[in-house]
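Look for subunit A in each of the two complexes below; its partner is subunit B in the first and subunit C in the second.
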Partner chain A sequence: MSNKSQCDKHAFQQSRRKVLKGLAAGVGALALPAPNASASAWEAFFQKNFRELDRDELKQVLARLESEYSKEYGKDVTVKATLPIEGVKYGYGLDLSRCIGCRRCVYACVGENNQSREPQIHWIRVLQLNKEKGVALEYAEHYYNPEEVPVEGHFYMPVQCQQCENPPCTKVCPVQATWQENDGIVVVDYNWCIGCRYCMAACPYGARHFNWTKGKLPKEEMNPETHYLGNRPRPTGVVEKCTFCIQRTREQPGRYPACEEICPVGARKFGNLLDPKGEMRYLIENKRVFILKEDLNTQPKFFYFYAT
Partner chain B sequence: MKNIWNFFKGTLVLTARGSTAYYCWVAGLIVLMVIGALTYLVQLNDGLIITNMRDQVSWGFYISNFTFLVGVAAAAVLLVIPAYVYNWKPIKEIALLGELLAVSAIVMCLLFVTVDIGRPDRFWHLIPFVGILNFPQSLLAWDVAVLNTYLVLNLTIAVYYLYNLYYRREPNKKFMTPLLLFSIPAAISIHTVTAFLYNGLGARPFWNASILAPRFLASAFCSGPAFMILVFLMIRRYTRFQIKDEAIQKIAELIAYAMFINLFLLGAEIFKEYYTGTIHLAPMQYLLQGLHGHSALVPWIWTAMLFNFSAFMIFLVPDTRRNNTTLVLGCVLIFIGVYIEKGMGLVIPGFVPDVLHEIYEYVPTGMEMALAIGIWATGLFVFTMLLRVAIPIMNGDFHVADDGVGFHIGDNMFFLRRADRDRLVADSDEEPATKSGKNV
Partner chain C sequence: MKNHVWRSLSLAIGLIAFGATLASAAQVEKFFDRHGNLVVQEKVERYKRRADEGTTFPVPPPPFSEGIFPCSDCHADMTPNPKRRELVEMHDDIVLEHAEGQRWCLDCHNLDDRDKLRLVSGELIPFTESYRLCGQCHGDKYRDWKVGIHGKRTGYWNGEKQYLLCANCHNPHSPRFKALKPLPPPVRPENLNRQGIAEGSEHN
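Our next item is the complex of A and B:
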């Protein structure tokens, strides 16, 4: 309950609701819920930051969201808020010598994480790079589309949120709508984000994506197993990003992220960085490993390596 | 309390009166404001998708305008410094107008930020203690704090001063002077903080240069005062308020210095990027030359450079500075030049090429422009209303009536035709009325 323990500090903010009700009544701005809006619209409006919800409030919020989503998508949707596992810090490994650039991970991610299909939001971007130039982003092809991959003379580099240990994106957020959890995952509270997009300007890896409009998510494709900080359907006007499949990886027994699971050549590795005998540690200690844009001191927990 | 209400009532009546030109101008602004508001309704409904911003270029025209206007707002201090620090009378008489401009510019800034955010309904998340203002970590939180402080500060000074003049009292210097002096660091801070907002991002090499904040300030000291001079010339020509030549000349001279520093810093930046020629050169290339066939900004930035440089020459040479026609030309050139350079020219190259070196060429949509024009119209409307009240008060044409309750309005026109104005001024010159409390 590491996050929850912080909420005591903010006990003084409990009176926030009262202050706000007066304020909102006085403002009556355009963007507020209509006067005849349902009670749940007002509840959503007054909802506190995730990290300040106490146990009961959190339960209420999750229940409200579940019933909203279940109605909207015509199936039983669960919204969990599973906490980080003690003693775990997630890390990701990507074997550049294996990746063939098939983009299966991109679409597995979209399916698992309920991204908008129209306009398309992809949390993973696979870059096609020239073998002669090496890892030089200036020469990357973003929208390569050949008959068959891999293309002669090229290699492929998927880029997604690097779950930086020193994330520039969370620092800049004016309302603390995004933060790093104890297991190292950087998350966004979609109900708290004001959509200023400062974090998008701050992220050196293009990992953050904005909901420029209400995204389309077909009912039959909607994944009903969701996490509050992860793959639940997103409202318009907020930022979203990869969470290492928080809804899978935090469960016990846990599951691998969808991108890891789908990769046909086994280029993707995932594990606990704090486990000295784990796969990630073996990789880091024994392979040629590098991180992207090392000079920015973001300290990614996403490691690229060459197995061969 | 009663007094405040009476004053307020008076200003309402006053702003409702004016010449035909005044009515046309205000009506035009209101039409543009309505168009802007309707566009905003569409945006609220459909989301920011109606703009051309996308994940690659996540800030665009709105934030560019915001950035430029912060500069205009900060520039009011260029009047306050000579007026109050050096106690220079000719500018003291008009320093208040600079503060009114600052107020209007900040109103526009706040509107531009509001239309840019995805969830304006959650504005309350930014209010300290009610929401969570991530202070002091986030520079955006700093910006919210300093912009609002600056707005309140300038409004307080202006309203307090005008209110006292209206009641024919001498404003209390002990109250005014500290506030005025405080407005100097406050103005510098709004601009510095806005520069730091960009400056502090390691992900964007184009902004991550320590020269950014000084450059910001230098260019602000060009665009804001240039706009002020244009306003002064208009006021002098079409209203009964008189502004001394030497005041305008002094400001023009200051603009020349500021422009020199601005051009110099720009040169320093261009040298560094081109001579070292690291991959960080790409955004600069995109701006100045175009990159891989994408060159949307190139004609604009060169126009800006040409304008800035010509204006610099105009303000440098005393003859052209003193000539009204070239002076106006110089001001217009500077305003446009800095608008391009500190607006789109600063914001967009931060995103092109993006962090993964993709090039997404951004051009604002018609809707974005309509909304932006609506906000400009709102700012000009606010400024017009403020001037409509301030100028008659400072002229002694609007004050409390002799019974101490009602009001006296001696200026029912505001904008006058040139000939009418000249006649009026000639009349008043014959019997120099004691314009009580015109100078603090």
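Our next item is the complex of A and C:
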């Protein structure tokens, strides 16, 4: 090989490196906020993971979000970051012998948790199942729409996030934007989520939902009582899920989740699993209880039971 | 000396009080055994009081039809008629679909004091404690209701709780839960356009 050709090759290698560098910088620049973006957009860009924020940083983040949302929705929006209550692990009970499939819970949840109305996001899906087949999900129908429920020969099973004790969704997150809190609630940091949707693939209950666009949320229907890890309005490209109404249940005294409060037949039960005198422990000890897809070892804290 | 008198006096009073409680406890009961012989014996405490007996539950007011309560507004001037019959002049809108072959009005409503309900034991209870009446037959539901498993409970999961009366959800004369119109189902994926908006919805 001649000296010249070697020299040429070397030159080409150098220029390829430059091209790649330039490309990387260009692509990186695309991810940055636009040159005319507001200061808050830059702040959001450099915001740390929720679990790494110290007290002052968290205060700043909450204040920034509050002012952003208040401006966007034209009302005083509060964004809390209430910590878990000591000695509490939340559990949920759903009485399959009572549920009539009226879907009141679905829409109470949408109203409480500021889900996108269009495209439609529902955190609760109510399955209509055949009494003869039992809990056989292959026969489940969730688009049922008869004049009146319950339909003869059927029973209903609402499915939402099961708040697994061994959650497969948090394990697959490449950036640790989703995790389990000390009170058992699995949460998402919407500002840290990169929207890869691995967690949606990992969840065996279909409990996670993706914001494909900036969802439509009418100003007058927006719930201004929000939590950072819960029902604050979600940006585009992030995953969201049921949080047992973290903004309600972590208060002192803690309100019941919206779905529990609306249920006209009282099929939904909620409480502290660590309280031996609580209703959750009573139903687990005294009723026929099952958890959904037990064989997957996800260890849900959502207990389906039959009170009769 | 004076002190000594006082002490013996108070002891005497205490003894008398103790004796009185013993006397009231030592009541006799009479019953026939399985051979038909009359047995008279000292009453024994067979029935252990439950820990929650006598406690009342925070319930909303009973769901009366408008202007129907107090019942004594009309019934005070009427002569009670204990005869089992079909009501024609008043309350004829009530259709009993609740073990109707085995019961009628005065099994739960009281003959003399209409503002009260009547337990099988003869005890009169206000309408605000109607859960005790229902609990006579539906003991399992009553037990679950007390701990918050049967029926809806609102309030705070770790604080004050609000119960509902049985009659707030079940019509006592026709207790089966009535069917409801379900709220709309989710949009089927095949009916969504590329923006994720339902085809034919009013926002398009």
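One rule holds in what follows: the second predicted complex is superposed on the first by the 279 of 308 C-alpha atoms of A that agree within 3 Å, B and C clash if a C-alpha of one lies under 4 Å from a C-alpha of the other, contacts with A are read in each partner's own complex, and residues count from 1 in each chain.
The criterion applied here is as follows: a residue touches a chain if its C-beta (ideal position, glycine included) is under 8 Å from a C-beta of that chain, and two chains touch if they have at least 3 such contacts.
What you see is a predicted model; the values in this text were computed from it and never measured.
Enquirer: Is A:100 in contact with subunit B, with subunit C, with both, or with neither (first, second, both, neither)?
Expert: Only subunit C is touched by A:100; subunit B is not.
Enquirer: On the A-aligned overlay, A:119 touches which partner chain: subunit B = first, subunit C = second, or both, or neither?
Expert: The answer is both, since A:119 touches subunit B and subunit C.
Enquirer: Going by the contact rule set out at the top, does A:140 touch subunit B (first), subunit C (second), both, or neither?
Expert: In the superposition, A:140 touches subunit B alone.
Enquirer: State whether A:173 touches subunit B only (first), subunit C only (second), both chains, or neither.
Expert: first
Enquirer: Have a look at where A:127 lands relative to subunit B and subunit C in the superposition and call it first, second, both or neither.
Expert: In the superposition, A:127 contacts subunit B only.
Enquirer: After lining up the shared chain so the two structures overlap, which partner does A:213 touch, if you call subunit B first and subunit C second: first, second, both or neither?
Expert: Both partners, subunit B and subunit C.
Enquirer: Could you say whether A:249 touches subunit B, subunit C, both of them, or neither, answering first, second, both or neither?
Expert: After superposition on chain A, A:249 lies in contact with subunit C alone.
Enquirer: Just checking: does A:194 make contact with subunit B only, subunit C only, both, or neither of them? Give me first, second, both or neither.
Expert: In the superposition, A:194 touches subunit B alone.
Enquirer: Using the superposition on A, tell me which residues of subunit A are in contact with subunit B and, in the other complex, with subunit C.
Expert: Touching subunit B and subunit C on subunit A: residues 119, 125, 142, 212-213.
Enquirer: Contact residues on subunit B for subunit A in the complex?
Expert: Per the touch definition, subunit B meets subunit A at residues 40-41, 44, 46-49, 51, 53-56, 58-59, 113, 116-127, 129-134, 137-141, 144, 197-198, 200-204, 279, 282, 350-351, 353-358.
Enquirer: Along subunit A, where are the residues that touch subunit C in the complex?
Expert: Within the complex, subunit A contacts subunit C at residues 85, 88, 95, 100-104, 106-107, 118-120, 122, 125, 142-150, 212-213, 216, 249, 252-256, 261, 263-266, 269-272, 279, 282-283, 286-287, 307-308.
Enquirer: Please give the residue numbers of subunit C that touch subunit A in the complex, ascending.
Expert: These residues of subunit C touch subunit A: 140, 144, 147-160, 164, 169, 177, 179-188, 192, 195-198, 201, 203.
Enquirer: Which bits of subunit A are touching subunit B when the two form their complex?
Expert: 12-13, 16, 19-20, 23-24, 29-33, 45, 49, 119, 125, 127, 137-138, 140, 142, 159, 168, 171-177, 192-198, 200-206, 208-214, 235-239, 296-298
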